[in-house]
Each structure stands twice: as structure tokens, then as C-alpha cells.
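Two complexes follow with chain A in common, the first pairing it with chain B and the second with chain C.
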Partner chain A sequence: MNSGETSSSQNGSNSSVPRDTSCPLTEEELDRYSRQMIVPGMGKEAQLRLLNAKVLIIGAGGLGCPAAQYLAGAGIGTIGLVDGDVVERSNLHRQVGHSTSRIGQPKVSSLMTHLKGLNPLPNYVAHECHITPLNAADLVAPYDLILDCTDNPATRYLISDVCVLLEKPLVSAASVQTSGQIIVLNCPPTPQGQLEGGPYPPCYRCCFKKPPPANAQLSCGEAGILGPVVGLMGVAQAGEAIKILASALHASPSKKGTPRHPVEPTLLLYSYSLTSFLSPFTFRALKMAPRKKNCFACGEGSQARLTLEGLKRGEPDYEFFCGGLGSGPGQGVLSAEERISPREFVETVQQHGKEEGKGKYVVLDTREKEHFSFGSIEGAVNVPFGKLLSKAAQMKRSGETPEVEDILPPEVKIEDSGGDENVPIYVVCRRGLDSQEAVEKLKEMGLDRGGKRKIVDIAGGMKAWKEQVDPSFPYL
Partner chain B sequence: MSAPKPPKGHFNLLYFASASSHTGKDMEALPAPLPLRKLFDTLEERYQGIRATVLDHSLVTINLSYVDMPSSEDKDGEDNAVVIQEGDEVAIIPPVSSG
Partner chain C sequence: MSDPKDQKVDITVDFSGGLEILFSNQKHHALSVPAQDSEGKPANVGFLIKYLCQTLMTDPRADLFVLGDELRPGILCLINECDWELEEEDAYVLQPGDNILFISTLHGG
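Take a look at the complex of A and B:
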């Protein structure tokens, strides 16, 4: 894989040479940018700052596409794009810089095609790779401002750390399901470890000291994302970037004579509910704390902990810090007799059940109801994992030993169990992780009646079901 | 439109992102006053497991301002004395990583 290798597509002058600010705007620029240049506070000076600016957009997805689109439109001089993925069909509802005809193409080149159509004047730089501790500094160094449009915690911490080390302002946004967040970090950039004369702006670690455990991290692929939610956050990132660059808010305060801008770090939170017409809260602007004395990356003594050389040596270890890869919960927790493959389930349990009448077993599907709405195993009852856990907690508090009916939705009745009180329970989820935890939980609740009732995990979840039993199953 | 006013003697607790999915709620009213350092214990009691999966890495605001959570690591943190008052709006905000 190429790591950090760049290809530059240039139009007009080489943008690494700063443009002469006394030089007038071209006829085309005057026309193209006229509507934004006459906005109060903009003017020629501000537009020239944009034309001289270099912005790196890391991630060409749901955040990066709208952000890049507005930055290109505004005439940012150099726009770098970092992404190692290719365009997939399931990206298109939100990643508006790609198109159906470009499925399978690298995201960076696809987005560049879109941006050039919008505005051919900026200098676009393609970095067709993922950002890693090895290439991060080289990628970030040439730019004035960085946009974090990525999709995982390890990368977020890495980008923030590099921005602290290289003193770059960072506009960070994130979004999943119906929530979005955006915050400007490290702006104006302040030397690492400097606290005297503060307050100074925070970095990502000042706000979020540690990542969620790996099993609680939601990705758009697994948890879902609404296009307008992530789109809004991406557009807001472009807005913050334009503001910072046009007003030179990122000028380092250490330079003598530069007026100090007050540090007012703010986290904008966007959240709404699809089911309530008048959601009680949508936007909230939260006042954040400044740089923290005990921050790992930018606090007191941080120069000894976090260095560019250390990054290349693998310190800190971002994957480990963020829970690593493939360290999902509950793997290998259950014994062999507590698990059954989907095929085996069909061949033994379902067949057997059909021969001797219904009601011989219960299938609990612990996926969210939206997933369940597309289909499940015949006769399965939907008890979302979160609901099951809170039910378990409730039972534990009250000290009751529940019956199967207690954990099922009230409208579900177990049909005649043929005199067998110990109807076995089969648990299935999406990929076979939650279901294992659910099996443990049900036993903890005493539903296995001291071993008299079988509680079994359908291994690999509905994903394995689709692979082994029903290829037409709408697995999402 | 803002969140409804909490009943007398209560504060509003708002749950965002995974805090909302874990509790199954957007918000609820809890009895006030409550020392900030007791907040996570109170929630863990109600929602088993929420501390490890949600609270420990979330940021907390009171009336739209960030507050340092007193943790076991820094027992004498200066904000240990913060008490959530009647009518306050407290929010649990987990980081979101996707995009």
C-alpha cells in the first residue's frame, strides 16, 4: 500500500509558493467568489487568505464529502484528501461527493472528480492511503488546517496528537445514527505542554480522555447513520474552517503583536429523534474546558510522553488504547454445547420441532427492532439486547428469579409447551457477539433452572444464517 | 423548544448517543440535590453496566458547561464539591467516532 505518497493535480500556479497578496483577483475569481466576498467581515483580504490556505481533509466519507465541497467552492487554495477506501453503494446516501458511476473507485479520486467539476481552480492533492502513525506527520505537516472526517477512535486520537505536535488547528466532527458532534481543537495552536499564560485551547484528549470500550463503539456500518445528520456536521466543519482561515484565527498567539483571541472551546451537539415530531432538543452548544494540565498529549510534561519520533516507533499504541482489532466481547466464552450453528439449528431443532408440533423452543432475536423488521428466524421473538440488559438489571435489583415470559414483550405468549416446563431458549443476534452475552445474562438470571433448561447461542448470528441457511435473507 | 422543566426537587438528566441507547431514554428527572461525585453510582444502580460501557469515557455538562468528573484517580480534584442543584440540566455525552 502506498503510504503517504502524494499525487498532485495542479491548476495554474504552484500553490506551495504563497500568492502575492497585493496581486488582484482574476476576473474569474472575482466572479466566482463574488457572493461570499461581499458578506460582512469577508472582503478581499479574507478571500486572499482562503486562496493562500492549505487544508487537509482526512476521510472522504459522510463528513469529508460535504466539507470538501464547500471548501472547494469557497476557493481554498490547496485541498488535500486522505482516504484509502473505495466507493461502495451503501456510502451513497450520505457521501454526496461520490456517484453511482464511480462505485469501486478510490474515494479520493472520486471526490476529486466531483470537486473539480465544482471548482477547477484549487490545487487538489490526493493521498490515497489511510492515515497511520507512520505517515501522519508527513501528511499533516504541509497544511495550515486539518479536518478530522474519519470514522474510528484510534484515528481520532492519532490525528489530534499529530496536530498538537505540529501545532495545527483541528476541526473535528463525528456522527452516528441521529447524533452529531463538532468541535474546533487546538486553535489557535499552542506549543505542546505550554500552560503558563493560559488558558489555551484543548485537544481531543482534553475533551475525551479515553475511548469507549471496543464493544461499545458504534460504526456507521453497524449502527446506521442518517445522511442529513452527518452532512450537517460536515458542512459545519467547512464553516468553521472558512471562519478560522478567513479571519486568521489560527495565527499562533506566541508571535508578538498578534492579538490573542479568547479561548472559548465549544462543542456543538446535534441530536434528534426520528419518532418525535417536536424533539425536545436538537442543537446544543456546550462550553468546554481549556487545555488540561494533566492531558497526556498537551498537558504538563507531555513533551516527554508524546513525540514525533515516538509515533513512528509505535508509541503510544493507538490500536491497543482503543481496544484493538477483533477484540469483540464474549468470544469463546461459551462452551460447545451452549452453541449451535445455523445449519445445525435448522437440521435438528427446527425439523424436530415441526415433527412434534410447535412450541418446543423459543428463539430470542436480540437485534434492534429496525434490523428485525426486515426478517428473522421463523417464530423468533425480538428482545433488543439493550432492553434485555436493563430487564436483567431490574430483575437483579428486585431479587426475583424470572420466568421466560418476564423477559418477553407482554404481547408474546409462549404456545403450549407440551408439558415441558424447560422449553429451550435459542438466542440469535446480528453477528453472534451480543447473543453470547445474552446467553450468559439469561443464565445469570436463573432462567436455565440450574441446568435443566438449555440456553443456546446460534453461532455467528443472522450473518451466518444468511451464509449457511438462507442466501436471500436481507441481512443489513 | 427546550427540555421540559424538571419537577420540584429534581434535575433533568439528558442522555445522548450511546447513553440514550443504553438507558432507552432521552432524558429523565432525578432527585436533587445530588453531589456530582455520586452521579455515576446513582446511574450504575439504575442501569447495570452503564459505567463501563458509557459513563467512564463520556463527558458531563451541567447547564451546558463542561464539568470535570471527580474520579478515583484524583480524589482531591478541585471539583469534588460540585453539587447538582434542583432545576439543573445535566447531560451525559459519549464521544461519537463514526463519520
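Take a look at the complex of A and C:
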């Protein structure tokens, strides 16, 4: 097929004028993509590259929804979607490719419905599963470019490793609370272990050598996320993907000694504040190092450490490396006497307290104030976990033996309890982990007065409270 | 002439990605830090990390920032917007006007 530009017909005015019929775009495509195709630097060639491109979006959530929308709109030829979850109501503030009517449906089919409404032309491929070391290579192999829109460290390392092995460019983004990050990795794709003649682009492990310890990992479910923050990162991923595909960066692998394009790995950081307008710190473009010689996945000798066969055998062990997926309630550290179930608390402590009058016990709620603002156990005092630890450390430094009042906010007064100064303290948190640590901390501070005062954990936190005591409690 | 022990270097330190909760919930800090460490060597980023733990950190959960004497895994340090691996990592000697940024890597989506 002749794809060269012909200009012979440009000035013709008679009806039999020869016309360049080499344009393989249909009437509908010409119309649909016209506004992006006339952007300087785009044109027919770039649009054809998009139409022939295959992109895999892993994760159909807060990043994947906006990314997929713009890629579908732009006419990417094949769009694969990977996700094993179903749509929940609490997703919808940010996962805008789903809908209220599709709650309960698999995310992949829900998002596909949305994308087909936007643009029916692309070929959409559903992968209703999570990515695992067993299926990762088969999922990734047919595609030209991968978007990491997932939500946990283990899959992030897995996806990057597979992209190194299969030489795929990767656009990786992440977001939690009010921060977002995006970086283009392994682009142009470079053979594993190649260092000579570099610098070459980094992989995820080059930039983020080790995951944070499990206790420092924040998930959107636990820590919260603002829709526009994660949405912006997802849109930026689509933007980077279109850039790479339109300029064919994905199809120009770095051959030995000839990095075709300057390697300028950049981590874009979006840091949003609920209390200030755009500031110099809102967007920052940070310069990252290129491929590292000592990188586990792409550095010197990496072919011996990381292989497709190894992945299927469970090497490396991503779960172990990242300290376990998710964060289910951990093992308790307290003895049975130091714990009480929410039901038991209501039946024995609260009822008893009501009979004997107020001030017989203190309920310390260690959740963040945002959680506390939606409701709490009657009479509970809010001392967020971090603040409690700060106070404890402060007192330890000053060498004082604290009173209960010292750890409570100044406006809270414990009413006179008729001479009984050893009012018991019940500690509650969201899911029952921080509260156990808080109990230990309070004892360490000497607040249990050598065992005279009971300091007890309300087991399972407000989550268990909702399950056992008050089904209408606004647990977030 | 002032005693070299009293000399200070003015820098700015930023925290992002949630690390700010350890530092009075403030993301941007303008600091005057000692120009020398206790042994009289010029203050470097390694010294700054210890100094921040001792003087600026308000939350006692230091293990969310350092493990042993090192920055905990999952935190990037950027010196004037460049990954510190492009400089000399913790051996980089602080210069007046430097911006040191600590960010926690994110995984949610």
C-alpha cells in the first residue's frame, strides 16, 4: 500500500482529478479523531500508530478508569483491561468509569460498557482476574505498552519485572490521600541486563529498590483518597501512553551502545493540600537515576536472577518481599484479660456504668479525627494514635509519671468518681490493632498504677462494634 | 570571627507522600542547621537525617522515617529535585539554599 503523501491533486478543480486514496482512516475515524490529529506533531502517521497499538491497563480503579477513558477516546486499537474485583459503592467517587447501576458487576465488564459508549471502535479485551506471577507473562505479552493502575506493592514489582523480561514500556502511577506519583519506566524498552553504552531507562526496582515495611504502607481503603488526585494521575498515564505510542518510542528498542533517545527518567509528584491554593510544591518534576548496574531485575547479571520460568516457580516471592498483601487484622499482643468484645463491653461495662452513675470509666478512641467525626461510642474521648504516641514519648523524656488527664485533650475532664481514682480505661480504634498497642503504651507509662487500674482493649475496634452492637454505626 | 562550631547552613526541607505527619503535619520547613557534625566534619545529608529525627520530628514513630541509621525503605531523598543517587547519597555535603525533599513512595490506586 502506498502510504506516501501525494500532492499532485491539490490544485485540481475538475471532477476527475486524481486523489490520494492511501489514507486508511475511515470517514468515521477522520471525523472522530480530527481534533487530536491536527495537533502539531500528530498527523496521520501518529494516529495510525495509535490505531495499531495494543495497550494493557492493569487495574480498573481510580487510575485505570480515567486512563482507559482517554485511551479509548484517542482510538487506541486494542485496549486490554485486567481486574478481578467487582464495583462497590465506595469506589464511585473516583472510579468514574463505573456507575451506580453497575454496582456488583465485575469492574472489567463495567468499565468496558462505559468505554464502548464513549468509543465503540477499539477492540476491547476483558481479563477478569488479578495479575499473578503465574498469569503475568501471558497477560502482558500481546501488548505494546502497559499501564500499572494497581494498588499494592507486590503487584507493582511483579508488573515491572514482567515488563523488563518482555521488553515492554511501563507507565506506572500511584496515589493515596492527597498525593500522587507517575513515572515512565523501561522506555524505550531495553534488553534485560544491558548496561554497556547506556545510560538506559530504569525499571521500577531501579527507582524503588525495596518496598516500605508493611506498617508504613498506606492503602486507599485504609487511608483514604481524593478522586481528583488519583484521577489526575490516571489521566497523566493516558497522556504519557499516547506520547510514547504516537512517537513510536515503544517500537525503538535501545540496541547496544545506541540509546536512541536521551534517557531522562522523571518522577512527577503531585502533592495537594486541602488548605492551600496551588503552590510551588503542588507539582514537582523530579529527576531520577537511569538503569542501575546493581538492579535485581535489569542490572548486571539479572538474567540469572529473574526469568519467566522462575516467576512461574514462585521466584522471586513477591508477597514475602513486600511483607504480605493487604493488611488483615494481625495477631493480638494482649492477654485475654486485657481485651473485651464490644458486646461484652455494652452488657457489662456500659450497663453497670449507667447504674452506678457517670465517670466510672474512660473510653479512649484512637482513630483519626476524621473517622471520629462521624460517630463514636457514647462519651468516648478522641486521642488519635499518633498524638497518643507523641504524648507518651514526651512524658517519657520528661520523666514524669502521668495522670489520665495528661493524655486527654485539656477540655476533657474526668468527673469525680467518688474517691475511686483508678477509673478503668477502655481503648478502641478502627479495627482493633492500634488500640492494642495503645493499651501497652499506657501501661508502659505507668497509667495502670501497678495493676490497680484496668486498661482494656475493645477487641476488633469500631468494625466489630458495628457488627456486634450497632449495625447502623457509620463505620468508614 | 565566629566559632566554626556555631556556623549554620540555611536549607529548606520538604516532606511528601504522608511523611509530613511525622513533622508536625507541615510539608515545607526552612531550617538553619549546624554546618558541622559533632566531629567537625561538614554536615551532609546523613547528618541531616539524624538531625531531623532529633530536632524536627514531633511524632515518636521514628521507624516510619529511619531504620537503624538509614532512611527506611520506601522513602526517596531528592537533593534539589534530583534523586540522591545522582549525587553522593547521604555523603552529599549540604550547601546553602539546598532543597532536600523526602517522599514516601505510594502504592494505592
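Heads up, the rule we're going with is that the second predicted complex is superposed on the first by the 432 of 476 C-alpha atoms of A that agree within 3 Å, B and C clash if a C-alpha of one lies under 4 Å from a C-alpha of the other, contacts with A are read in each partner's own complex, and residues count from 1 in each chain.
We take it that a residue touches a chain if its C-beta (ideal position, glycine included) is under 8 Å from a C-beta of that chain, and two chains touch if they have at least 3 such contacts.
Computed from a predicted model, the values in this text were never measured in an experiment.
Taken together through their common chain A, the two structures put chain B and chain C in a clash.
After overlaying the two complexes on the shared chain, residue contacts for A:Ala336 are found with neither chain B nor chain C. Judged by the touch definition given at the top, the superposed model places A:Ala304 against neither chain B nor chain C. In the superposition on chain A, A:Asn152 makes contact with both chain B and chain C. When the shared chain is aligned, no partner comes close enough to touch A:Ile38: not chain B, not chain C. In the superposed model, A:Leu274 lies in contact with neither chain B nor chain C. In the superposition on the C-alpha atoms of chain A, the part of chain A touched by chain B in one complex and by chain C in the other spans residues 59, 61-64, 149-153, 156, 173-177, 179-181, 207-213, 215-220, 223, 225, 230, 233-234, 267, 269, 271, 273, 281, 284-289, 386, 389-390, 392-393. Chain A meets chain C in the complex at residues 59, 61-64, 149-153, 156, 173-177, 179-181, 207-213, 215-220, 223, 225, 230, 233-234, 267, 269, 271, 273, 281, 284-289, 292, 386, 389-390, 392-393.
Taken in their complex, chain C has these residues touching chain A: 14, 16-18, 21, 27-28, 58-61, 63-64, 67, 72-76, 78, 81-83, 85-86, 101, 103-109.
Remark: chain B residues 1-4, 14, 16-18, 21-24, 26-27, 45-49, 52-54, 56-57, 59, 61, 64-66, 68, 74, 91, 93-99 touch chain A in the complex.
Put simply, chain A touches chain B in their complex at residues 59, 61-64, 149-153, 156, 173-177, 179-181, 207-213, 215-220, 223, 225, 230, 233-234, 267, 269, 271, 273, 278-281, 284-289, 294, 386-387, 389-390, 392-393, 396-397.
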